[in-house]
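Encoded as structure tokens, the structure appears first; notes follow it.
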Amino acid sequence: DRITVFAAASLKNALEQVASEFERASGHQLTLSLAGSSSLARQIELGAPADVFLSANVGWMDRLLHNGALQEDSRFDLAGNKLVLVAPRADAVQMDLTSLAATLGEGRLAMALVDAVPAGIYGKAAMEHLGLWKGVAPQVAQADNVRAALALVALGEAPFGIVYASDAMAEPRVSVVATFPTETHPPIVYPAAIVAGRDRAAVRAFMSYLRGDQAWTAFAAQGFTPVGVAHE
Amino acid sequence: MSLSVSLQHQFAGLTLDVAFDAPPGVTVLFGKSGTGKTTIINAVAGLLKPQGGRISLDDRVLVDTAQGIWQPPHKRRIGYIFQEDRLFPHLTVQQNLTYGQRFAPKGAPRDALDQVVDLLGIAPLLSRRPNLLSGGEKSRVAIGRAVLSAPDLILADEPLAALDAARKAEIMTYFERLRDEMSTPILYVSHSVAEVARLATTVVAIENGSVARCGPAADTFADPAFLPLGAREAGALLEARVITHHDDGLSELEAGGVPLFLPHVPQAPGRSLRVRIAAQDVTLALDAPTRISALNVLSGRIDTIHAGAGPGAIVSVLTPAGPVLARVTARSVKALDLRPGLPVHAIVKTVSIAPEDVGG
Amino acid sequence: MSDWLGPQEWMAVQLSLRVAFWATLVTLPPGLFIAHVLARHDFPGKQILNGIVHLPLILPPVVTGYVLLLTFGTRGPVGGFLQEFGIVFAFRWTGAVLAAGIMAFPLMVRAIRLSIEAVDPRLEQAASTLGASRLWVFLTVTLPLILPGVIAGAILAFAKAMGEFGATITFVSNIPGQTQTLPSAIYAFLQVPGGEDAALRLVAVSVVVAMGALILSEVLARRVQKRVGGA
Amino acid sequence: MSDWLGPQEWMAVQLSLRVAFWATLVTLPPGLFIAHVLARHDFPGKQILNGIVHLPLILPPVVTGYVLLLTFGTRGPVGGFLQEFGIVFAFRWTGAVLAAGIMAFPLMVRAIRLSIEAVDPRLEQAASTLGASRLWVFLTVTLPLILPGVIAGAILAFAKAMGEFGATITFVSNIPGQTQTLPSAIYAFLQVPGGEDAALRLVAVSVVVAMGALILSEVLARRVQKRVGGA
Amino acid sequence: MSLSVSLQHQFAGLTLDVAFDAPPGVTVLFGKSGTGKTTIINAVAGLLKPQGGRISLDDRVLVDTAQGIWQPPHKRRIGYIFQEDRLFPHLTVQQNLTYGQRFAPKGAPRDALDQVVDLLGIAPLLSRRPNLLSGGEKSRVAIGRAVLSAPDLILADEPLAALDAARKAEIMTYFERLRDEMSTPILYVSHSVAEVARLATTVVAIENGSVARCGPAADTFADPAFLPLGAREAGALLEARVITHHDDGLSELEAGGVPLFLPHVPQAPGRSLRVRIAAQDVTLALDAPTRISALNVLSGRIDTIHAGAGPGAIVSVLTPAGPVLARVTARSVKALDLRPGLPVHAIVKTVSIAPEDVGG
């Protein structure tokens, strides 16, 4: 059987690894369509031939569930992530988040779009929670996705950036200078669900494979953190 | 076929209001630069929508503004030789020449390509593109393109302006053939009476947007007062018949019983043709001349004397061959005491009846 | 090459070529038609038509893609209608063709329109006096004369189609082998750590292909121009 | 209007207009120059120049933005150099102008080049026999004759600049009031569930502005054409 | 100023290899369509890079392929009247006319705009654009544009082809003035000897890409064998001096002691001018004619008789006024027993010395 998975592009590396292992193990074929969560969600709403949706944020998942585009009981949280403050490797020193505004000065703080893209939304929430937002808001440079924000830091254009730990880990040109405590922002999760009407044995097999340890190894290798109980 | 034109149109610098009939044959439009000749022709071709008027070709109404009739250009079956060449730059000469053929009705009589190409002397150019042609070559191709489309009517706007005299004469002969054998009516714009006199059936003189004069060519040219382009261009037409061709290259003709000697003409003995005698080529003598190089002497009586604005006068002499015009000085009129009724001898040099002034 | 590019990337290259080729080919006839209408005719609503043609250029590609999804998707009014005849765009490579074609359309129309406006109407008049109807005049005079412009328009469209991303991924998603074009693949690589090298390779492929097309078009256009043009 | 659009959106509209205006204006002189070079000169490397000009069309905008960041960023070779003279692009609206200008450049060059190729070289020859040097011939004969094409190129560039998003946000990111253009704002709205209405409002603004510019350009071009053109 | 041309160039259909000198004055290039006239002129203007050759204007070398010298067109200071008009479509007539002025050196002598505009009859057109002009209007504007650029050399490629005779004559007079008062050398292409005979200082006849004949105008035209465009165009030039102007509109001139009567010429008494007598306008008589309308009779002796291919012959008569050519039939040669040495009377109709055949 052939399974089509619509997944947030940031899951690419982990999913590709999972996919080849799953294909070998199950004999099913897996097709990955990787794009922004918003595009994928709209496409599923409008009848895309997807079997499984893996979103990078909760909002779109909620909306699709609400619309009945997804199968309610199939939802689970696949993986989590951490939010970190990064700086170019050369001038990286561990620092206290509260001193960010002062250290930043005229420099820019690179983030994903703070009202639209999950990493940006989480980052803004965390800064607000820490009471730092007002101080840094004018200095924030918002990129259209978290990878672009990371690039700004990696190239030294911005002295600091707020990105996912998973991205920071793999970028040799930046160092993590602080980590945002989990409680400062809504939980960062990548939820998964089966598209309504697409529930088949093969799809179920894939969903359970995603929950399994083997899949988890792949996600962990890309820097994702565990969520819920399955992997604790 | 007969063309009937009545037109009103207004431009910034010109108010055009003309009406004339162009019976079968060649109708020549004379007029100075900027008098509206091209404008009239464009309206006939359908490239200009006149503000008012009616144009018809026999029963076929091409335009009638009152009735709201308008035939688009491609339905008019007109071969237009434009004042500029307008050749298709992306086609070879050959392709330009044959362009109109595919749109011509199947059975339409038309000349063979080879024949037209030979006549126009463009055989070596057939595979070239227009941008590599000389000015005169372009205008010859443009002529070929128009006539090869088997048109019902030919519009020719100064088609020979860029050509040398020899080539001009050849092409004139060809137009003559079109007029006679194919009986295609031709509306022809020219600046030179001499050039077209032998072709013209009808003459229309335009001045500042109106018809100054319109009538059959023979009558009009015989009128000493008709000087559309200056006295130099005056001249009368004689109807003549070929008698025989002599060994020394001269042809003997006869007009009203008077023999005329001309450089060889192609027509067979017995055929009729029209001979133009330019007024400036005629000398008047009171005594019958002898021992002179001029072979043709037409005796007759003076009909009218039309004194021009300058030092010249046009004298019309009634001869058995028909009226002949002579351009003389006012001084001679006085010295010889020329007056209507006086018997005179009109001396015409053979050679001054130039080939292009002889036509069938 | 197949060593250097993974099978999936290789598929993306092939698909992109196919999509760009068809997008160019399919937009050519309507492009010619609309360009001619805009260049040589006056009618009420001309400005509106002109505006609509330019819309894909003005709107962010995501919006265009979304609009396409809404209208040509399986649930969309046009998409639903066409589906009855077996014509499906949604999530097919044909949809990628549609998206790329629509994005490229204004470029093609502009190029052709400019060329048409540069044709001397006196030549078209000459053709009409020789008996050619409007259609024939267009086919035998206008079209050959605007060929360089048509080639320019086509190559712009091809290049644009090769590079189009936003509308395509929004409309037909990013399904390998079906709708994953080169730019989509590049995008996906850029979304994850360590994907830059692969992305760079694909960029290089894009550049090489598009340059090839460009040079080809120049050679063609020059050959045509030489036939028509100056000494 | 200010009721209908929030202050931030209103700022985005103004900024987009400013960016598109300057992007068009600034690319015009080099566009003319390069178009002329490509249309009328032959030299080794012509195809390479032509290719480079078309690159922004071929590459996914993100890549173009990234390349801009690498070269014109404060740490980039060109950006660093220009910074010494106080010219900074990074995170400034000037950077948005640069990005939009570069993305629009191929469109402008193509339009102008087509027009130049349509100018009868015999007119330029005539001007040179009358004593006009190359530059004067260009200024007094070629330029006035290609004005419709220049206007077409400029409007294409303007429209493209109004719609440009990928390269801009990658290069100068999205700073409200400084680099947040309309498309960035629209994009942001489309990323969140329920943002469609707000996005639609901004799309409407884009469309109205661009249509206005389009109609203006048509009127201008027609006036110019009338002076030059057929009967 | 003196132009020296030597050129080799090869086209698909033409091998051009010419060399000639154009001394101050007007040098006329004759030749049939497609013989390479425009090509030569283009090379002089710098619009064609010849494959080989050297062109210089006095000391100024315009091209020398051997030395690798090449002056671009805009440095050559040449006023080129193109065979097609090539007006700037985006400029008004006035702007077209003044286009070259801004590039002319400050002190260059030039005619006032008004004067040229009046002469060309284009005053009402000044604010129009070229696409709204008639063919003849365009060609007049093109003439004005070239001469108003204060050139060192004028190249005129059939500039009058689209004009009527009256306008032609006026513009010829103007070219004459340029030649004499401004001493601008002129290289002039024409298909009509009659049109340019009075202007020409030097004549260059081109045939199939080579110079068939080249020499001073008077000598060349007096040669009965010089028939570049057919016998019809033969004719001799006489140097004459104005004696007086009569009340009846005639001017009396004198050439070698022989009186000549012409329609009024503008030159003041005492001034010299050149008169062309077309061979076809001359009748030969063995007896001194009396009581005829022709006022001018030149007596002399036959020098040579040049029998042509056709039925005609060109007879050269040495008269006190200079050599005169007469075109007669072979039949007349026989009938009158014409032979070298025979005394004859050349009868020339006054009026046949048309205005355009008289020049200063």
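We call the chains A, B, C, D and E, going by the order they appear; numbering starts again at 1 in every chain.
Everything that follows uses one rule, which is that a contact is a pair of C-beta atoms (placed from the backbone, for glycine too) under 8 Å apart; a residue touches a chain by one contact, two chains touch by 3 or more.
Quantities reported herein were computed from a predicted structural model and do not represent experimental measurements.
Participant: Taking contact as defined at the start, I'd like the list of chains shared as neighbours by chain A and chain D.
Facilitator: Touching chain A and chain D alike, sorted by label: C.
Participant: Can you list every chain that touches chain C and also touches chain D?
Facilitator: Neighbours common to chain C and chain D are A.
Participant: Would you kindly count the fewest steps from chain C to chain E, each step being a jump to a chain that touches the current one?
Facilitator: Contact-graph shortest path, chain C to chain E, evaluates to 2.
Participant: Computing the C-alpha centre of each chain, which chain sits at the greatest distance from chain D?
Facilitator: B
Participant: Can you name the chain that lies farthest from chain C, using the mean of each chain's Cα atoms as its centre?
Facilitator: The chain farthest from chain C, judged by C-alpha centres, is E.
Participant: Using mean C-alpha positions as chain centres, tell me how far chain B is from chain D in Å, no decimals.
Facilitator: Measuring from centre to centre gives 59 Å for this pair.
Participant: Report, in whole Å, the distance between the mean C-alpha point of chain D and the mean C-alpha point of chain E.
Facilitator: Those two chain centres are 56 Å apart.
Participant: State, to the nearest whole Å, the distance from the C-alpha centre of chain A to the C-alpha centre of chain C.
Facilitator: Spacing between the chain centres: roughly 35 Å.
Participant: So, what's the distance in Å between the C-alpha centres of chain E and chain B?
Facilitator: Chain B and chain E have C-alpha centres separated by 26 Å.
Participant: In chain D, what residues contact two or more other chains?
Facilitator: 62, 122, 165-166, 187, 190, 230-231
Participant: Touching two or more other chains, which residues of chain E qualify?
Facilitator: 84, 132
Participant: Counting only residues that touch at least 2 other chains, which ones in chain A make the list?
Facilitator: In chain A, residues 36 touch at least two other chains, as defined above.
Participant: Name the touching chain pairs, please: which are they?
Facilitator: A-C, A-D, B-C, B-E, C-D, D-E
Participant: Within the complex, which stretch of chain E touches chain B?
Facilitator: 11-13, 32-34, 37-38, 83-84, 124-125, 128, 132-137, 140, 157-158, 161-167, 191-192, 229-233, 246, 248-250, 261, 263-264, 280-281, 283-287, 289-295, 310-312, 326-332, 334, 336, 338, 347, 349-352, 354
Participant: Show me the residue ranges of chain D that touch chain A in the complex, using the header's touch definition.
Facilitator: Chain D reaches chain A through residues 62, 66, 69-70, 73-75, 90-91, 165-166, 169-170, 172-175, 179, 184, 187-195.
Participant: Using the touch rule from the top, collect the residues of chain C that touch chain B in their complex.
Facilitator: Against chain B, the touching part of chain C is residues 122-123, 125-134, 136-137, 140-141, 144-145, 227-231.
Participant: Mind listing the chain C positions that touch chain D in their complex?
Facilitator: Contact set of chain C toward chain D: 47, 50-51, 54-55, 57-63, 66, 106-107, 110-111, 113-115, 117-118, 120-122, 148-149, 152, 156, 159-160, 162-163, 165-166, 183, 186-187, 190, 199, 203, 206-207, 210-211, 214-215, 218, 225, 230.
Participant: What part of chain A is in contact with chain D in the complex they form?
Facilitator: The contact residues of chain A facing chain D are 36, 38, 41, 59-60, 62-63, 108, 110, 113, 115-117, 140-144, 148-149, 151-152, 155-157.
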